[in-house]
Every structure is written in structure tokens, then in C-alpha cells.
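These notes open a run of structures that come right after.
Shared chain: subunit A. Partners: subunit B in the first complex, subunit C in the second.
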Partner chain A sequence: MSRLLRAVLVAGAVAAVTFNLVTFYVNGWPGPPGPAIYVITSTLVLLAYLVVGLVAWQVHPGERIGLLFTITGYALLLPSLTNLHYALPFTIGTITASLYQACLAHLALAWPYGRLRSRLDRAVVAVNYCWNIGNNAVGILFWNPRTNGCSAACPANLFLVDSSNRLQSDITNSASIVGICITAAVVALIAEHWWSARGYSRRAMTSLIWVAVPIAAYIGLLEVPGSLGVSNLVLYGIGPLILIAAPAAYAIGMFRARTARGAVGAALVGLEPGPAPALLRDALAKALGDPTLQLAFRVPDHRCYVDTGDLPVDADPLPAGRMMTQLDPGARAVLVHDDELRHEPELVRVAAAAASLALEHSRLRAEIQTQLEQVRASRARIVEAGDTARRRLERDLHDGAQQRLVTLSLALGIARSQAAGSHPELEALLESASKEAREALAELRELARGLHPAVLTETGLPGAVQALVERSPVATAVIAVPAGRFPATIEAAAYFVVSEALANVAKHAPSAAAQVMIRQRGGQIVVEVSDDGPGGARPEAGSGLRGLADRVASVGGALQIDSPPGCGTRLRAQIPCP
Partner chain B sequence: MAACAQVLVVDDHDGFRAFARVMLEKAGFTVAEAATGAEAAETARCIRPRLVLLDIQLPDLDGFEVARRLAGHGAGLVIVLTSTRDASDYGGKIAASPAAGFVPKDKLSGVALRAFLVERPP
Partner chain C sequence: MPVTVPAEAPLRVVIAEDAVLLREGLSRVLTEAGMEVAGATADAERLLQLVATLSPHVVLADVRMPPTQTTEGLQAARQIRQQWPGTAVVVLSQHIETEHLFELLADDPRGVGYVLKDRVADITQFTDAIRRVAGGESVIDPEVVSRLVARPRRDSPLQTLTGRERDVLALIAEGRSNQAIAGQLWMSAKTVETHVGSIFAKLGLAPAAQDHRRVLAVLAFLRC
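Here is the complex of A and B:
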């Protein structure tokens, strides 16, 4: 709205209120004015319409609702013209005294955006305007104010053609029936608008119903001849206050739309980060006040969309009354909602921005999750491949070099026994060669065992742990080992925990006593090796423990090292075991 | 007589069998050979050896399985398991098998085998 227009409207409102007050007191002249309640009520009503009209015009410059409020406000001022003691304004004021009622009907049927929806609406509004002016214009021809309820001080009726007030009252009585019918038609149309409103606009229409019914009842009461005996003080002094309900309802609606923008943020802040699409949809539907809102995703490589429940969404073409808001430049995710929300572009923009942020968050989370799973799987595969390679190497050593060394050792033994007695030097030489061969074999055996313990493949954890304990220089007690077999990677992880732990005890606390306990409980295998040595082991210091933690992690487990100085060391691995 | 007792050497490795035969024959045993678990069972049924020197790693059957099958043949049969690996590499499996004992291949000798026969006279 331009600054000039705003200034004109503000000045107009001030002038209107001033005019209302002044004419009221002029009317009293030369006698005393009527009770002040009349002027207080009319000024409040006038102000309500003009102020809300001005604000609505400012907030929604593209809509006509502000204009309609303003026009209705000025129409409410027209009856005050009769207060002036001049014939022309008095006559005009009399003819337009109830024009505001037609304006109210127009306002109600154009609610909440200021546009009439259908030809029927336009027809009813036009008929109402014509009837309103026409009825009064005809009535005034036969109404002499000076002989009918107005003092001799009243100005003259410029259009008076016949002073017989009887005719005037006949016209008024029959016209009131038409007036009531028109009012009823307007109410019926409002009800129809409410009934057919869906999604976002339903809320606005509901608030209209609440104000339209009492206002229509008031206007109907004015139409009824004699107004059912209601006193003038109530009818004109207090009754018009009901008219304030319309601008009040509109102002509340504007306020609600403004707070709805904050509600979008609040609704989304209330969600978990990276919410499920269905939850996001619910939050958006609530924040936008449109229960029909759909959060839709384009099917890759197609033009069709599905909603959060994977049901197809009508998007190409959109059904009547629906509107699409893109959440990303490629329209891979969209909101499909009531097209009445186009009147709240700011609200929709905020909601779309919040939604796309939430979706982007979800997408990134899913991506990270996928990558993490891939990394986990590849880590497990790498460890498994390493284990397989070591097992194969151990077997190759066993079947190849070890076998040949054994044969060589046997051959040397035989040769030595053949040389015995006859060739003492050769015998000694063969004896030492045989010893070398045996030592080489022992070393190779140790190497093979380090690569992969055959005993683990052969007997599983119980035999393997027993063998470790027997070979270890540390005094070790085996408290428990589950008897069954487990997947090779799990057995290997558990075995290497015990092996590394015992090796560490042997290295750092050779005189300590150790305990090994392996238990299967609640879907996991818990391996615990503790000793009563000096403690103070730091996992970050040695690559052995770190490598062990990696190995345990590769099967989805966790390694804990508890080693307070002076209180021994406890190594605990929890390995999931389905 | 234990001195000329028949020994069945079961191993898929030709070199080992050859040297074992030489060594055991020198120690006074009569030696028969088998290269697989199935062949061992067949030969044992046929010649009824006094002792079977049985490699644990065979191409067809596991040495423990062969031992179980042979044990059903006769009460007098002494089964001695052998391997390039250590007894400890098999955990409790050797003790649990019907074999009389275990001799690592590199410690094989007539004396070692005879000890099993003395422990269990026919």
C-alpha cells in the first residue's frame, strides 16, 4: 500500500469518527442530544470496521477484503447524515440508512479473501444492493418526516410525493418480508460456503459462521416491523455492538495466521531430528491448518507422485482446489495442499523451507546410515578375508613345509641309526642335522599357530582356550567357557581377546595370576580376562589392544579395558552372537 | 609276538609312509600302508593289524572318524594318532577318541610305538 493511500485512509477514518460525533450533537440542536450510548456504540462499530479494513489492506494488499471492510465502515456512517439539519444530506442519509446491511452481506459472501466465488453469490449480492437502495428510495416517496416521528425541526424530505404515511407503512411491511428472505438467502449461502470449504479455508469459514449468525439475526430483527417490541435503546444503542464481531473475527484470523508461521517452527522443533515423513506431514498439516495436506515424493524416473504411505497422489494435473508447493528445485518432494493457502504465501514459504530442511536432514542421515552400514560390512569382510587367508596359510604350511620337514627329520633319524656304530662322525653330524630339523619344525609350528590356531577350528573355544592357558607362562584359571560352537569370526574374536590378554599379562605382569571367563548371555558372548597385576594398562599406548578393539568391533562388539593402577587389569569384550 | 607285530601306516603323504616303513621295519614291525581313510578301513578289515598309525588329516575322512570306525573292528586293535601338529592343537579330541594315544610325526620311532603295545598287551 502506498504511503499516500495509507495517509488518505487514516485521515478518512479520523474524519469519519469526527463526523459521527459532531452530527450526533448537531442533531440535538436546539434541544438536548439523546443518550450518549448511541454515539459510543456507533463510533466503536465504525472504528472497528475502518481499522480492520486498513490493517487488512496493509497485510493483504492483493485482496479486496480490506476494501470491503473500509466500504462497510463508511456505509455505517451514512445514517448519521440524517442528523444534519439540511434537506439534501437528510434525504441521502434516509435512502442509504441500511446500505451497510448489503455491504455486510457482500463482506460475508466474499469472506475471507474478498472475492465472490460464484455467479449465484454475485447475483445475490447485486440484488441485495439494489433492493436495499430501491426499497428505501421508494419508501421515501411516501414518507413525511415532519408528520411521522420527527419533530418540526426535521429537514424536509426532498423526494416526498405523497404525505399519506399509511401508504409508506404498507410498503414497509411488505418489503420487510422480502428483506428477511434475502437475509435468509445470504445465511444459506454462507452455510453452503462453510460446508464446501475443505482444508485450510474451513477454519476461516467456521469463524465466519460464528459471527454471521448473530449479525443476520440482528439485521432480521431490524427488518421485522416493530422489531418484536424491542426498545430503541437496545435495538440502536446496544444492538450494533454485535456488528463488531465481524472485524474482530477477521482480526483474530489474521493474528492466527501470523502465529501459525511461528507454529510451523514450533511444530518442526518438536519433531525428532530427521523425522519420518509421515510425522513431518502431520506436523505440517497441523501448522498450516490444512488436514488435507499431502507430503508427496516423485517416483524416480516418473512424473507421478506417492504420499508418505506410498499411495499415489493426484499431481499431474492437480485436481481443482489443490495446489502444489515444491520443496526442492527438481520437485522431487512437494506439498499438495488446499489452494486457499495461496492467500498465505509467507506461511507456505516458511513451512516449505522447514519441511525441505527436515527432509534434507533425513536424507543425509539415511545416507550416513547407509555409508556406515557399508563401512561396517566391509570392515567385517576385510577381517573375515584376513582370517580366511591366515587359515589357508596355516593349512598350506601344515600340508607343505611342515610335512616335508617331518619327512626330512625321519629320514635323518633313519640315516643316523644306520650310521650308528660304523661311522661315529657321520652319526654325530646326522644327529645335529636331525636336531636342527626338529627345531625348525617346532618354530614353524609356532608360526602356524600364530597365524591361525588349528585347535580353534578343530575344537572351538573350550579346547582353544585350554591350549592357550596350557602354553601360557602365566598361572591362569579357566572359570567358564561355553561348550557349543559359534560362527568362525566370533570364535576368532573371542580367542584373540584371550590370547592377547594372556600375552599382555605374560609381558607386563609375569608373576600375576589370571582368570579367563567366557559366558554366553542375552544374545552376546562376554569374554573377560582379569589379572591381579599392577594395572595401569593404556589401550592407546599399545597397538595390540587397539588392533584387538578393532577386531572385536568388526563383529559388532565392544572392548572395555579397566586397568586402574595397582588394582589389576580387566579386559572385557562383548560380542553379539545371534 | 609283539616284535613282529603288524602295523598299518595310514597317511596320504607318500614320503612319510616310505620313511615310516623303513623305520618301523628296522624296528622289527611288519608294515602295511593305506593312503586314505576308506582304504585304511578296508585294509584293516583284511589284514587285521596289531596297530594302526593314523594321520589325523586325511584327504577323505577325518582321522578321528577313521579311528571310530576301526575301533569297531576288534578289541585288540591299538590305534595311535599322528600329525605334524602338536597334540595340544587338537584340544581334548584325542583323549575323547578311541585311540590309545598320539605321537607327533617328528617324534615317531619304533620305541614310541612299542610303548603302546606294552601298555596294552594283546
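Here is the complex of A and C:
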């Protein structure tokens, strides 16, 4: 709508309202000015149609509904022309007195976007227009205002052919029957529109039903001769207020569409981050007011789509009445919805943007989750590979160097026994060589143990922990160790926790007493090593503890150190154990 | 179970050790020490067959042997003691693991020895250990015992023992008889008896007359 047109229409609306108010008080018809209610009612109705029409036109320039409201507003002004005591406007006003009814029927059948849907609609609307004008045009030929209670003050009827009151009354009565039939046809078509409406437009059609029924009833009542005895004050003074229902309903619809955009946000904010697609679909369907909405994903390397329940979606080609909105440039995810939603492009755009954000969030989350799992798995593999290497080294030492040293010791022993008595110097030499070999063996034994204790693999935690405690230079008590066997990585983690903890006690609190407790509880193995030393240990100090935390984390556990100054130290590892 | 060996006949031994050189070395040492090496093998399964057919007086078995290289020797030793009570077993280990030791001794410590491989360097001591086990005694490697005795302890009755009593305690744990202890510590059998009584009283252990019972009692005490 151009600025000029808008200015003209707004000025026209102001003029119409002014005209209505002024003429009523200046002239008054039929007879002297009646109660103020007549002018207030008609002005309110007029204003409602013009204001809603102009606003709707402004908001949805591509739709004709605003124009229809505006035209209906002006049509509502036409009967007021009879208030001018000049023959021509009086006559025009009389002929077009019920044109607004045809406009209302048009409005209802074109609801909510201003388009008539079918030929039948168009035919009914056209017939209705012709009927409304024609009926009055014929009636006026035989209607003399002066003999119908409008004294000498009334202007002349320019089209008067014959002042036959009887003829005029017959025409009016038969016309009423036709009028009621046409009104009934309009109501039937509206009902059909409502019935066939699906998805998004159903809501708009439902609001029309609430409006059309009382308006049609009111207009029907006007058609009935004598109006079933309803007084003029009610019929013309208060009754027209019913007409305001139509612009009011439309205005509410517009307001709803506007708040619906906000509702899209609210609906999606209500979802937890990265929602399941089915939940996202439900939220979108609710926000867009289209229960038939489908959230569909393209099957990779195919053109077909499936919905959130993996059922195929008709997307290529789309069935009639459906519309597709892409959620990403490659159309990998789309919304398939009622095509009435094309009248709410802004709403759909907001919903699509929110949906693609939510999907993107889900995708990123899934990606991070996958990466995290990969990192976890690789960390576990690294620790396991380290353990395997240590085990192999220990075995190589045992089967290789240690075995050879034992054999060497034996050979030295044999040599010594042969040298005994005869070669005292050689015997002393062999004795010292034997001692060296024994010490080398002892050192190698401890080295192999440190790499990987064979007793852990062979007998499990109790024996291995016992061995640690027997070796520790710290007075240590074993409170509890579960007797069963666990997966090797878990046993190794628990073992190294005890080993590292006891080594730390020996280093930082050699005179303390320590306690070792390993318990299996609720799918977890809890390893606890505590001492009554000076406390104050800092977890970040020492690479041993860091390495230990890594090892525990590699099996999905957590390491915790509790060391208040003066109150001893407690190292606690919780390791999940299925 | 007591092991009976005729005094005049040479001790019949079967060796199970997977390292060839060591196996041959051991075989030579034992032969030179006047024993008869009736058979030698590299794995536990064959060992059981040899014991069944040769009925040796003593079996010398490595803890770790093929196929799994874990504790086959130990398992075989237990089985031999159960199945052939007339055959004593000396287990050779490269580890000081009391877990293994207790597993071995738990059934019955008589005729069982747990000796570190290092011990082969002193041939006299080594062959003596084999003879003692064959004679039905228990032999626990001195290094294992000394580690248990030396463990740091808090509020333990062990701290009330005198130095001499500790020496006696260690020898008891090694499986020695009162007579042997008396010989080794240069004291009379009477004095040893007094020390033993005092030790058992201080540690709160029930007095045990038989050697094999007191070995277990003392070891269990030291291990806690």
C-alpha cells in the first residue's frame, strides 16, 4: 500500500466517522434525532472495520483481507447517506443500505487471507452482491418515504415509479425468503471451509465460526419481516455491535500470530538443550499451531525423507496443501507443514531458525560426545598398552636376565665347591663373585616387581596388596581387600593407587602408620589409603599423583586426596566396576 | 604328611625347570651331592607324569613354567603333596611372595619347601634344604622370613622380644627344629626351649609342640 493511498484511506475513514456523527445530529432520520446509542453504535462498528482493515492491509500487504475490511467499513457508512436531506444521496443510501451484508459474506468466505477458494465461493459472493443491490433497487421503485412514516422532512425518492405500499410490502416479504436462503448458503459454505481446514488454518477458521454464527443470526433477524418483535432500539441501537466481532476476531488472530513468534522461542527454550527430534517436532507443531507438522531428515545419498519416527515422508513431490521449509542450505533437514502457513512467513522463518539452532546444538553435542568417547577409549588403550609393555618387560627380565643370573650363581657355586680347600684365594674370589650375582638378582627382582607385580596377575589384589604392605617401610595395616578377581585394568589401577600412596607415605611421613582398605560397593571399587602423618599434602605436587589420577581416570574412576594439615592424609579412588 | 626316606638309599629327585642351563646345572649339583636325579622336565604336566611313574623322594619345581608362565609349579606342588604324600616338594621361586608361600603351606607344611632361586649359589645350604624337606621338615627361605620379621610395626608384641628371642623366632619361621636352632645359635636345647616358651607367651600364641604347627602359627603372626 503506497503512502498516498494510505493517507487517502485514513483521511476517508476520519471523514466517514465525522460525517456519521455530524449528519446524525444535524438531521436525524426517520424523524427527529433518536437516542445517542444509534450514532455511538454505528460509529464504533464503522471505526472497527476501517481501523482493522487498514492495519491488516499494512501488516499483510499481499493479502486482500485488509482491503475487504476497509471496503466493508465504507459499505457500513452508505446507509448513513440517507441522513442527508438531499434526494440523490438519500436514494443512493437507500439502494446500498444492505450492501455491507454482501461485503460481510465475502469477508467470511475469504477468511482468513482474503482469497475466495473455489468457483462456488465466487458464485455465491457474486450472487449475494447482485441480490443486495438488486433487491433494494427494485424495492425502491415502489417505495415512497413520505407515505412510510417519514414526513415532509424526507427528501424525494428519485426512482419512485409507483407508491404502492402493498406491492412494496410483497416484494420485501418475498425478498426476505431469498435473503435468508442466500445467508444460509453462506453459512453452509463457511461450515464447509471450517470442516475441510487442516493444520494451521483450522485455528483461524474456528475463530471465524465463533464470529460468523452470531453475525449471520443478526442479519437473518433483520431479514425477517417484523424482526420477531424485537424493538428498534435493540435491533438497530445495540444489535450492530455484533458486527464488531469480525474485526475483533481478526485483530486477535493477528495479535496471536505476533505472539506466536515469541511462543516459538518460548517453546524451544522450554526444551532441554539438544532435544530429541521427536520433542523438537512437538514443540514446533505447538508453536506453529499445526499439528500435522513433520520434521523430516533426508536419507543420506537419497532424495527421500523420513520423519522423527523413521517413517517415510511424502516430500517429492509434496502432496497438495503441504509445504516444505528447509532448515539448512542443503535441505538435509526440513519442515513439512500445512501450506496455509505461507501466510505467516515471519513465524515460519523464526520457527525454522530456532529448529535449525536446536538441531545444530544436538549435532554438535553428539559430535563432542563421540570425540569424548574416542578420547576416553584412546586413553584407556594407552594405559593398557603401557601395562602390557610393563608385563612383557617383567616377563623378559624373569625369563632372561634373572634366569641367566641364577644359572651363573649356580655355576659359581659349583666352581666354589670344587675350589674349596685346594685354592683358598680362588674360593674367596668366587665367593665375592657369588655375592655380586646375588645382589644383582635382588636388584633385578625389585626392578621387575616395580614394573609389574606378577603376583597381581597370578593371584589378584589380596596377595599383591599384602606384598606391598610387607615391603613398605611404613607400618601398614590391611583392613579389607575383596577376595574376588576383577578385570586386569581395574586391578592394576587399584594396585597402583595403593603402591603410590604407600610410597608417598614413606616419603613424606615415614614415621606414620598407614591403613589400606579396598571395598567393593554398589558397582564401584573404593580404594582408600590413609595415614596419621602430618597431612598438608598438595595433590598438584608430584607427578606420581598426577600419573595416578590419569590411570584411575582411564578406567572411568576418580581420585581424591584429603589432607588437612595436622590430620593425616587420605587418598581415595573410586573405580567403577561392573 | 610325613615323608619317609630310607637312610642308606640315595635321595631320588625329579627336577621341573624350564631354563635348560639351570636345569642341567641343578641336575649336576644334586648328582654330585649324592642324590639320584631320576627325571627332569620343563613343564608341569610332564612333572606330574614323572612323579606318577618314578615316585621320587623329592621334587624340585620352578613356580613359573610353561604354558602360561604363571604359577603352574605351585599348583603342581600342591597336587603332588595331596596325591603322593610320599613325595616332598621344594618350590623354587624368583619372587618373595608370601601369598604363594601360604598357598603352598596351608594344606600341610610338612615336606614342603619354599626356596628362592638365589639360594642355588650356596650349594651346601641348597642341598641341605632339599634333604630337610625330604626328611619331612618345612623349609622357608631365610630372606622371606627376615623380611617378615623386619617389617615396621606399631604397638606389636614383637617389640617386646629380646634380640635373642627374635633370632629364635626367625629360625622357627624358617622351619627349624629346636635341635637345629640350638646348633645354629650355639646354645643348649634347654635354653632354646625356654626362649620358645617365652616367645609364644609374649606373642599370645598357644604353645605348639610340633615343629610344623608352630611354623604356621609364627608365619601367620608375622604376616598380619
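Note that in this section the second predicted complex is superposed on the first by the 572 of 578 C-alpha atoms of A that agree within 3 Å, B and C clash if a C-alpha of one lies under 4 Å from a C-alpha of the other, contacts with A are read in each partner's own complex, and residues count from 1 in each chain.
Convention: a residue touches a chain if its C-beta (ideal position, glycine included) is under 8 Å from a C-beta of that chain, and two chains touch if they have at least 3 such contacts.
Everything numeric here is computed off the predicted structure, so don't read it as measured data.
Aligned on subunit A, subunit B and subunit C: do they clash or fit?
On the superposed model, which is not a single observed complex, subunit B and subunit C clash.
Mind working out whether A:Pro462 is in touch with subunit B, subunit C, both or neither, as first, second, both or neither?
A:Pro462: touches subunit B and subunit C.
In the superposed arrangement, does A:Val474 touch subunit B (first), subunit C (second), both or neither?
It touches subunit C, and subunit B stays clear.
With the two complexes superposed on chain A, say which partner A:Gln402 touches: subunit B (first), subunit C (second), both, or neither.
The answer is both, since A:Gln402 touches subunit B and subunit C.
Quick check for you: in the superposed arrangement, does A:Ala513 touch first (subunit B), second (subunit C), both or neither?
second
Name the contact category of A:Leu410: first (subunit B only), second (subunit C only), both, or neither.
both
Which chain makes contact with more of the residues of subunit A, subunit B or else subunit C?
C
Residue overlap on subunit A between the subunit B contact set and the subunit C contact set?
Residues 398-399, 402-404, 406-407, 409-411, 413-414, 417, 437-438, 441, 445, 449, 454-455, 458-459, 462-464, 466-467, 470-471, which sit in both footprints.
Residues of subunit B touching subunit A in their complex?
The contact residues of subunit B facing subunit A are 13, 15-16, 19-20, 22-23, 26, 57, 84-86, 88-93, 105-106, 108-109.
Using the touch definition up top, name the residues of subunit A that touch subunit C in the complex.
395, 398-399, 402-404, 406-407, 409-414, 416-417, 434, 437-438, 441-442, 445, 449, 454-455, 457-459, 462-464, 466-467, 470-475, 513
Can you tell me which positions in subunit A touch subunit B when the two form their complex?
Touching subunit B from subunit A are residues 398-399, 402-407, 409-411, 413-414, 417, 437-438, 441, 445, 448-449, 453-455, 458-459, 462-464, 466-467, 470-471.
Which residues of subunit C touch subunit A in their complex?
Touch list, subunit C to subunit A: 19, 21-22, 25-26, 28-29, 32, 64, 69-71, 94-100, 103, 117-118, 120-124, 126, 147-148, 151-154, 223.
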